[in-house]
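See the structures that follow.
Okay, so chain A shows up in both of these, paired with chain B first and chain C after.
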Partner chain A sequence: MSTTRTSGQRTPRRNRRRPRWPAVLPFFLFLAVCFGIPAGTMAMGAFTVTDPATGASRYGLDNVTDSLSGAYATGLTGSVRLSLFSALLATVLGTLTGQAVVASRRPALRKAVVAACGVLANFSGAPLAFAFIATLGTTGVVTRMFDLQRTGFSLYSFTGLVLAYLYFMIPLMVVAVLPALDGVRTQWQEAAASCGATRGQFWRHIGIPVLMPSLLGGAVLMFGTSFASHATAAVMTGSSVPLITIQISNALNGNVLVGQENLALAMSLNMVVIALLVMSVQIPLQRRSARWLG
Partner chain B sequence: MAAVSGAATGCGSAPASATDSEAAKAASAKDFGGMDKLIAAAKKEGQLNVYALAPDWANYGEMIEAFEKKYGIKVNNEDPSGSSQGALNAAAKRKGQDRAVDALDLGTAYMQEAKKKGLLAPYKVAEWESIPDSQKQPDGSYMNNYGGYISIGCDAKVIKKCPETFKDLLKPEYRNKVALNGNPTESGSAFSTVFATALANGGSFDDVQPGLDFFKELKQRGNYLPVESSKATIQKGETPISIDWDYLNLGYSEQLKGVDWQVTVPSDGVYAQYYNQGVNKYAPHPAAARLWLEFIYSTEGQNIWLKGYSRPALLDDMVQDGTADKAAAAKIPEVEGEPTFPTQEQEAAAKEVIGKGWGKAVS
Partner chain C sequence: MARLNSRHAVQGLAALYFLVPIGASFWFTVDDPVEGVVFDAYTEGMASEGLTTSLTLSIGLGLATVALGLLLMVPTMVAVALHLPRLRRTVELLSMMPLVVPPIALVAGVSTVLSWDQDLADTPFYQTFQVLQNRDFPLILVLVYTVMSLPFLYRSLDAGLRAIDLRTLVEASRSLGASRTQTLRQVVVPNLRPAVVGGAVLSLAMVLGEFTVASVLSFRPFAVWMVEVQDSQPQLSVAAAMLSLLISWALLLVLTTLAGGRTSPRYESQKNQSQKNQSRNNQSGKNQRNSTS
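Then we have the complex of A and B:
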């Protein structure tokens, strides 16, 4: 590269003959170091069983079986349930918000919403949990103002957790889906209208099918965000809503359970497997959506 | 090996960082040739690495400050709000590095693990003979240092009548009010609370299930509040009743403004636990680590615990010979009888039961 540049004779022919794969080498190196090594270590640990009495270790399936049974299985299904539910809600509400912004055609509103979404999408973790506790907890400002306790509402439940998650997931969905919504041309609507289609028919037969891949992609993103969340749930509901992330952190870094590191790794492996399964849905979909919304 | 990797990381210049130095082998101040020589060696090292010593936990802030001032040794307190597991990792995974942990303050299970991994250097402090036999390892690898009882803290400004026993907590007037500091699979105090409630409900060290059943009922009656209580949630009034170590609860009653925090050690489930001190075999500052232990077991150090409302291991001895801080000793709640502790096997079995059953009990 440097020799061609200094000599000033860039011959396209020579470039063509040179293999191109070295260009992606840094990427694969990065992948190997930042993803391969941790994933390998995790898999190794997950299949390593240490005898608590002697400290001797061997390969075995004990950790993986443990991580898929009893309380840990409940945690895994709890996480999946919470993620599916909050992802569905965030996708629907985020898309509706995004469409409202696109349809309004007011640049100021759009700028304000995008800016707000950018900020709110990153407001999560323990600060968010404390904000919710101060607002909607048992002595929270809103709880007292509307006497929510009487209605049986409790922030420290599955519902409360979904509410807190939506606070940062809806903005994230808006940011993610806006470009796709922009891609739905007004001309398509006009064309449909001139053929006598109603608004509902347009969305049912053209809009939603075209957007579907992006929406599903967004839903996958929402699922992942919710699935990996830890701090908000840990502060707000402790262990009363069983979640796998909280169980991993307890096994890995607590004051009670000793020598559970490999079980934690097995649980992490389960998470990776689920994440990969969900993500494998997204890749073919994205290819399809690129065809329409390029 | 420790010396080699120490040199490789460019921090092997001080001979004290090698495990074969004189300081690293000393099993008591006598081996050093007396306290003065230990102090001199520690001062020369000038630093002490500790891990997860929260300044507002059992008066650790004052302990560290007093040690720094007395000996002119800088205390590097890494991750003050960390956990026992974190401290153990920091000791196990940094052999030979000069940022390894020097002295460990761990719950008993973690000390046993550290001992099993060969991380502890036996060291007997000057006051060794005064520590009750049940609270020290015969070989001096680690010993009880400070501890306390499970207690019920209650904001008397919000709660008309504060609960005095665990059974009281089931009353309808405490709906949505009873919190723990964490959950029993992660927090030592919450784990001990399940033990205490088991004792209060017909269980024993061998049978903690009644403790889980108690929390299940507490949850069903709507009294259990899943928020993890902390100084902040108590201050805000979000956790008006919090079950926690008595020294933490008593500390809150002093630190919090506008909250009338009352603390009771419930008579129906008396449960105590002590934290242990030990020296890392691979301590980069072996003399300072040993001096730190001498300091926290000295009358001065033990009185600092007492001022932080925890019960120092030498309390009985110090009360007898009159060296205990009388005003501070009068403030800690009186508890009938001697504390008893579950054996290693009983504790391991309880962890299994609680680890598997807790989620089911409160979700």
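Then we have the complex of A and C:
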């Protein structure tokens, strides 16, 4: 104890245990205000029923049941179907592209592909929709060149949307899956080959099982991206393909009916629930893939 | 030989799929049925007032978003990495939350909150709501975009923090007499430069292309303007789409140059490997520290 005074020069720094939480306070405050309040409002609003005549509101499930029936149910299943389909295609095609890049072992090709993927993965939303309208729309360059109208092809359809979504999802998948593909060691292939396994057997019994968690993780990412995507579909197809994101924005922009807003909130809540369900698959997967590819 | 051919076929198809829409869009903007090839969409269009105002607004919003995001995330993540390991999972989880809430759902909540302003007419909050929705520079968009950019910033900064020995750096700096803010500004941030630049560029690209939130809240940044002119001047809107592709390409170029260039894949994988080892060491070190305290 007597030393405290003699080493008085040092004690302030040692003993001054300043609380550390002020450094993280702005972050929590910001999230609470800018994310917590809107998200809370959304959840509350989804369960609030406003009487159009009196303007009085009470809690109830009317909005939620409305958002899960009729046209809105079609929109929800349409979104899920589109996301599942495009996520599956993007996962397969992105992995094949990534593997082609890894297998070629040419640094120049790899650099070029990674750079291109970086740009193309961000080429989504309205600009992407315009590029596809200019290419395959009614007066698009390719449509006119090959007279695609006669074949019955329409860009403003489910197929058209998948085609457009894949344009940014495949590059995204390539970027996401490249590290995992790099993790598949050539030594494993050599070991398998020296044990007499064919290339097909190697991938079936070693490659794919090891990659599986990363692939599923990528597929979840793809699903989420496609499910949340709104601008491309809104600009390209308007509301000709029933999608929940477009129904929400219509309900928000229309705001003619009282309570329509709450219906938009209920639909938003549905989206969050589905996204949560799908994302929750990813967390245990990441742990598993880290064991092999870490 | 057969394998080689199939690989070439795949590469060819991929090139076709990814190049044709860009080529066709460009052709769409310069092809005039009467006069042949004209560049009016670029020369006159780029000078149009709507384009300049909306693009300036988008860039301003982007820079403000990046600034706010970094101001929030860098001190938080450094403090958590140094002193508050228990908050780590919480910060990670909270930063990733915006991934679960799609932009359209987030803006549904935001627009409902903003619609309360009539009820708040007599309170000081009303003024705040008016400032947030100022048409010249809608701060509300900066706030929403910052929320949306948190996952990018978190991932990028987390990777950056794992790659450096933060504790030693900070202890060295502090023992040489630097203050906390000096240490953060002159030691930590320069060492995190690739991560900071990476997160910033991704957020900036996101804001420049964002359409959903701005259009629901009826503001008019670049992407919304692009859609609005589509009916009257389809060529101009496609030309603007080409411009936005060029901008994101330029941003990526800036990113690779500023982040100090990753050279060969082998170097990259070695670096990743050492980073992983390091993070594993940090992890085990942290666990020990936790168990002893």
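We adopt the following convention: the second predicted complex is superposed on the first by the 251 of 294 C-alpha atoms of A that agree within 3 Å, B and C clash if a C-alpha of one lies under 4 Å from a C-alpha of the other, contacts with A are read in each partner's own complex, and residues count from 1 in each chain.
Assume contacts are C-beta pairs under 8 Å (C-beta built on N, C-alpha and C of every residue); 3 or more make two chains touch, one makes a residue touch a chain.
Predicted, not measured: the structure shown is a model, and the values here were computed from it.
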Quiz item: When the two structures are laid over each other on chain A, do chain B and chain C clash or fit?
Solution: clash
Quiz item: Counting only touches as set out at the top, which of chain B and chain C does A:Ala134 meet: first, second, both, neither?
Solution: both
Exercise. Examine A:Ser249 and indicate which partner it touches, taking first as chain B and second as chain C; both and neither are also allowed.
Key: both
Exercise. Mind working out whether A:Val235 is in touch with chain B, chain C, both or neither, as first, second, both or neither?
Key: both
Quiz item: Which partner does A:Ser57 reach: the first (chain B), the second (chain C), both, or neither?
Solution: neither
Quiz item: Per the overlay, which chain contacts more chain A residues, chain B or chain C?
Solution: C
Quiz item: Is A:Tyr167 in contact with chain B, with chain C, with both, or with neither (first, second, both, neither)?
Solution: second
Quiz item: What is the contact status of A:Gly75 with respect to chain B (first) and chain C (second): first, second, both, or neither?
Solution: first
Quiz item: When the two structures are overlaid on chain A, which partner does A:Gly118 contact: first (chain B), second (chain C), both, or neither?
Solution: second
Exercise. Name the contact category of A:Tyr156: first (chain B only), second (chain C only), both, or neither.
Key: first
Quiz prompt | chain C clash site on chain B (candidates 21-29, 39-47, 57-65 or 93-101) | solution = 93-101
Self-check item: On chain A, positions contacted by chain B and by chain C
Solution: 130, 133-134, 234-235, 249, 252-253
Self-check item: Residue ranges of chain A in contact with chain B within the complex
Solution: 55, 70-71, 74-75, 78, 130, 133-134, 137-139, 149, 154, 156, 234-242, 247, 249-259
Practice problem: Report the residues of chain B in contact with chain A in the complex, numbered from low to high. | Solution: 82-86, 107, 109-110, 112-113, 116-117, 176-177, 180, 182-188, 191, 219, 224-228, 232-233, 236-238, 351, 354-360, 362-363
Quiz item: Which residues of chain A touch chain C in their complex?
Solution: 20-21, 23-24, 26-28, 30-31, 34-35, 37-42, 45, 96-97, 100, 104, 107, 110, 115-116, 118-120, 122-128, 130-136, 140-142, 166-167, 171, 179, 182, 224, 227-228, 230-231, 234-235, 245, 248-249, 252-253, 261, 264-265, 267-269, 271-272, 275-276, 279, 294
Quiz item: In the complex formed with chain A, which residues of chain C make contact?
Solution: 7, 10-11, 14, 17-18, 20-22, 24-25, 27-29, 31, 71-73, 75-76, 78-80, 82-84, 87, 91, 94, 97-113, 115, 143-144, 146-147, 150, 205-206, 209-212, 215-216, 223, 226-227, 230, 237-238, 240-242, 244-245, 248-249, 252, 256, 264-265, 269, 272, 276, 280
